[in-house]
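Alright, structures below, take your time with them.
Below, chain A partners chain B and then partners chain C, in two separate complexes.
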Partner chain A sequence: MANLKTTERKTKAQSMGLHTEVLTGKTQQKFFNPDEAENFYYWGTYDVDFNKRIDLDVNDLDCKEANKKIDELMSQGYGTIVIKNPQGKHSLGVGVLNKLNLIFEGSLGYFGVGSIDGPTVRINGRVGWSCAENMMAGKVVIEKNAGSCFGAAVRGGDLICKGSVGARTGIDQKGGTIIVGGDAGAFTGFMMQRGRIIILGDVGINLGDSMYDGTIYVGGKIGSFGSDAIESPMTKSDVDWIKRKLKVAEIGENFDVSKMTKVVAGKKLWNYDALEPTEKKGAI
Partner chain B sequence: MPKKKTKKSSKKTIKGQLGKKKESAREKMIGQTIGYRYDVNLLPDYSRITPFLKKYIEAMGWDDLNWLEDVHMGYEEDRPAVFDRNANGWVTIPKKIKLPNNQQDRDMIARELLVKFQMSPNHPLVDLKKAYRKF
Partner chain C sequence: MCGIAGLIHRGKSSDVGNELQLMLQALKHRGPDSTGYALYADNDGENFIMRFKVGENVGEGSTSVNEDDSVYDKRKELVDQMLKNLNATVVKEEKLTPYSYRYEMKYDQDLMEFSKKIESIESVEILSIGKSLELIKDLGDAQAVSKRYDLGKVKGTHGIGHARMATESGVDIKSAHPFWGYPFSDVSVVHNGQLTNYWNNRRVLENKGMRFMSECDSELIAVYLAEKMRNGASLEEGMKDSLSGLDGVFTYFVATKDSLGMAKDTMAAKPLVLYESDDLVAMGSEEIAIRSILPHEIETYDPFDGEVKVWQI
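Right after this comes the complex of A and B.
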């Protein structure tokens, strides 16, 4: 570990005292009062009004300028921002940590709306590779098709594609829900660790390959199961939950959910040692 | 012939000890204990949602619990706790909060507490943001 005390020039973080602590333990004592005033925003984000709406034409802006402009508009209290002429630009709408209604009137390129935490996004077109990568929370609805790696490493929230998606959908997924109205490509749910994927159409080969945990529901045909992916019986809780989620996603109104195939990890690839065996009983 | 005295074993079995507790079918199949501190695949029961969470969903403009569906009550250092992904650590539940027996109810309490903690000015991320954020 670097000896931070010998650093000659103090950074802002050091002057705030963040580096003076000896990093010996894992426990951090941080206290707060659960009864403190109700607040639904992260520190440093904006209290926006959904009824305050503005159009933003990004035709002449590059992605960095467009994203800064979105941030600027949020700081002015705009809660509904309509992006005109996105023209397939890459990395639009990334890193929004705010509640917001963000509407794209057109298609997005690669890595659109990545790392978002909270906004409701509607894209009235198609999206390229890795849409909503690393999404933390919120809702993203894509009206047409999506490219490969749709929802890569998603950690939370609802990611909905009304059309079909490419290969490796939900790769490395760590939470949240991905819903696809059409078909999905090969290696759907590849190495997923948590969360849920709902595919109403068919899926390609190697479904759920090397999945660690999580659940995949498929309405159509399955090309083949991947390594350690196994079928599991549908429960009433699954059916009720899928019906509710499809309602949220505004698709599959008349879809017969009870006939879906549920796929989970067989966990034969698990490699745990003796982890946390006794604590739970004492704690709860 | 007098009966031979047998000593009672002084070993105590701890409930939940590895290898002694009741294993789930999945654990039997894979031959090892599942290391999660809660059932990651448990779907939330919306009939048990708290008024605070209802307000939070409304404020965010969502239709359901959204990312909080993946939040469950676990444990840390023998105390009930909820994992905060933003701080990458466990937030232990204050002792004054009495926990119900039902996991679904416990999960709702965990969700409420986590939202309050993450939005609190005392959250560790606030200091980090002040120090490091670029824009």
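Right after this comes the complex of A and C.
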């Protein structure tokens, strides 16, 4: 990282991967002030070794203690951490901003592995509501079922559930890919703005309701289309891309991808592409 | 936000009091104001169990007041007199707190008329009547209420419970869950969510002779289902009908003497995690409720929107 104290204001912010722009008009939000960089702490940027492995039993820890312990282990160079006895606890594995192999031997409660940026996560049980919310990058694989709001506001990475998921999967999704091996509930892709969702099974009512942009592929039956969600023809590049993604996700080996239904935004409610660049940022 | 939990053992009875207490305690963060249990206990099935209160335990925002114990005692005497007038024979009576009682009694006539007469006494509310239903609710978390009413030793087949965070009405017993499905014996309901057509439905149901004891919107579900069943619908039919008849967001459980059911609104706005096996069904607002009684790895799932399920013991 560049020396923050000596570089110019704009360069400083850019070197931290942030932007200094102050939006005008309706949005007056200031994203980042580089003059405060001295007070800024980058959490969890450790050099870890994937071959250095450790088990962590969280049976007697609360989520804060468990997450702190994960951070400590990363700081000691552990690149593969196996969490034992998660017992459906909430907010486990949240905020890991590092490369890491994180394995949960059991199930998670709400907000599991939220706001992560980089790790590869495998969960051998199920997850509760809002799993991987706001994930920036990485890969999360869930072996069983997931609750509602699966992958809410995901911005990047691959989020894979081999079982079925609840309602509002990919709500407010801004990027990345969500793959579901089973069925999905109502309002899948609700208000999604970017990214792709692949559902191999059936979906409930109001699919893609009020979506701005992005694409949803459905393998099974659709309960109903939501407001402004429309069907679009599958192209060869769609088929090739889904096949590749499923192969990486290790599900749907014999699934006939060509018969999937592709759903996109009709853009009658909200034409996202017509926005000015600054307005787009406000929308996202 | 409230927490609900329920379980049913199929083909056997278990320590249902202790199990439900563990499940509800795990959900304490969802509702710290009051806790309620509807336990279906291994009673002899001959006598009616009536649980009633003659006063309130009052917390923040309640429209009721705490009163002197002598006032409660006087009301209890009036209840005893009314029971004599109704030809009900009290076999056993227990004073649980200064304001709540459990009576075992023999009675073989109309429960609606019976309840109306008993509740005509000022501040007296029947919490439940049933041959196996034991409905207990009070202020405090699951452990505190369980200890106060000695629920840890209750054995039975099934039960539902509720940890309440008071939102639309005050903190007191009358607004706490579960609600008895007046006037049906052994029917109880717990609910997580908000009902937006409460007043419309309440006016209609009151005109049909149904009674509301609180201003808690959740009571509507119990009364709504009771009214459907009074007109010949099965429990499952009533529950399916409620998906369109009740407006708002909800997940609710309803239990009868031999069954347990769940319903989820058509927007799936409220959480529910379900575990189903041949001999046990356990469900709760969060996975940790189920984990509190089943610590080993199990297969659980979220029911979809508009789903109604009923299990028999």
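The criterion applied here is as follows: the second predicted complex is superposed on the first by the 226 of 284 C-alpha atoms of A that agree within 3 Å, B and C clash if a C-alpha of one lies under 4 Å from a C-alpha of the other, contacts with A are read in each partner's own complex, and residues count from 1 in each chain.
In this section, contacts are C-beta pairs under 8 Å (C-beta built on N, C-alpha and C of every residue); 3 or more make two chains touch, one makes a residue touch a chain.
None of the values given here were measured: they were computed from a predicted structure.
A.B. asks: Just to be sure I read the superposition right, which of the two partners does A:136 touch: chain B = first, chain C = second, or both, or neither?
C.D. replies: Only chain B is touched by A:136; chain C is not.
A.B. asks: May I ask you to name which of chain B and chain C touches more residues of chain A?
C.D. replies: B
A.B. asks: Answer with first, second, both or neither: which of chain B and chain C does A:125 touch in the superposed model?
C.D. replies: After superposing on A, A:125 lies in contact with chain C but is clear of chain B.
A.B. asks: Which partner does A:106 reach: the first (chain B), the second (chain C), both, or neither?
C.D. replies: Only chain C; A:106 stays clear of chain B.
A.B. asks: Is A:268 contacted by the first partner chain B, the second partner chain C, both or neither?
C.D. replies: A:268 contacts chain B only, not chain C.
A.B. asks: Regarding the shared-chain residue A:175, is it in contact with chain B (first), chain C (second), both, or neither?
C.D. replies: The first partner, chain B, only.
A.B. asks: Would you sort A:51 into first (chain B), second (chain C), both or neither based on which partner it touches?
C.D. replies: Neither partner.
A.B. asks: Could you look at A:254 and tell me whether it touches chain B, chain C, both or neither (first, second, both, neither)?
C.D. replies: neither
A.B. asks: Overlap of the chain B and chain C footprints on chain A, residue-wise?
C.D. replies: In the superposed arrangement, which is not itself an observed complex, chain A uses no residue for both chain B and chain C.
A.B. asks: For the complex, give me every residue of chain B touching chain A.
C.D. replies: Where chain B meets chain A, its residues are 14-18, 21, 26, 29-30, 32-37, 40-41, 43, 46, 52, 55-56, 59-64, 66-70, 73-81, 85, 87, 89, 94, 97, 99, 106, 113, 115-133, 135.
A.B. asks: State the interface residues of chain A toward chain C in the complex, per the touch definition above.
C.D. replies: 87-90, 106-110, 124-126, 128-129, 144-148, 163-168, 183, 185-187, 204-205
A.B. asks: For the complex, give me every residue of chain A touching chain B.
C.D. replies: The contact residues of chain A facing chain B are 11-13, 16, 18, 27-28, 30-32, 34, 36, 38-44, 50, 68, 71, 99, 101, 118, 120, 136-139, 155-158, 175-177, 194-195, 213-215, 237-238, 241, 244-245, 247-248, 264, 266-268, 270, 272, 274-284.
A.B. asks: Applying the document's contact rule, which stretches of chain C touch chain A when the two form their complex?
C.D. replies: For this pair, the touching residues of chain C are 266-269, 271, 273, 286-288, 290-291, 295, 297, 299-302, 304-305.
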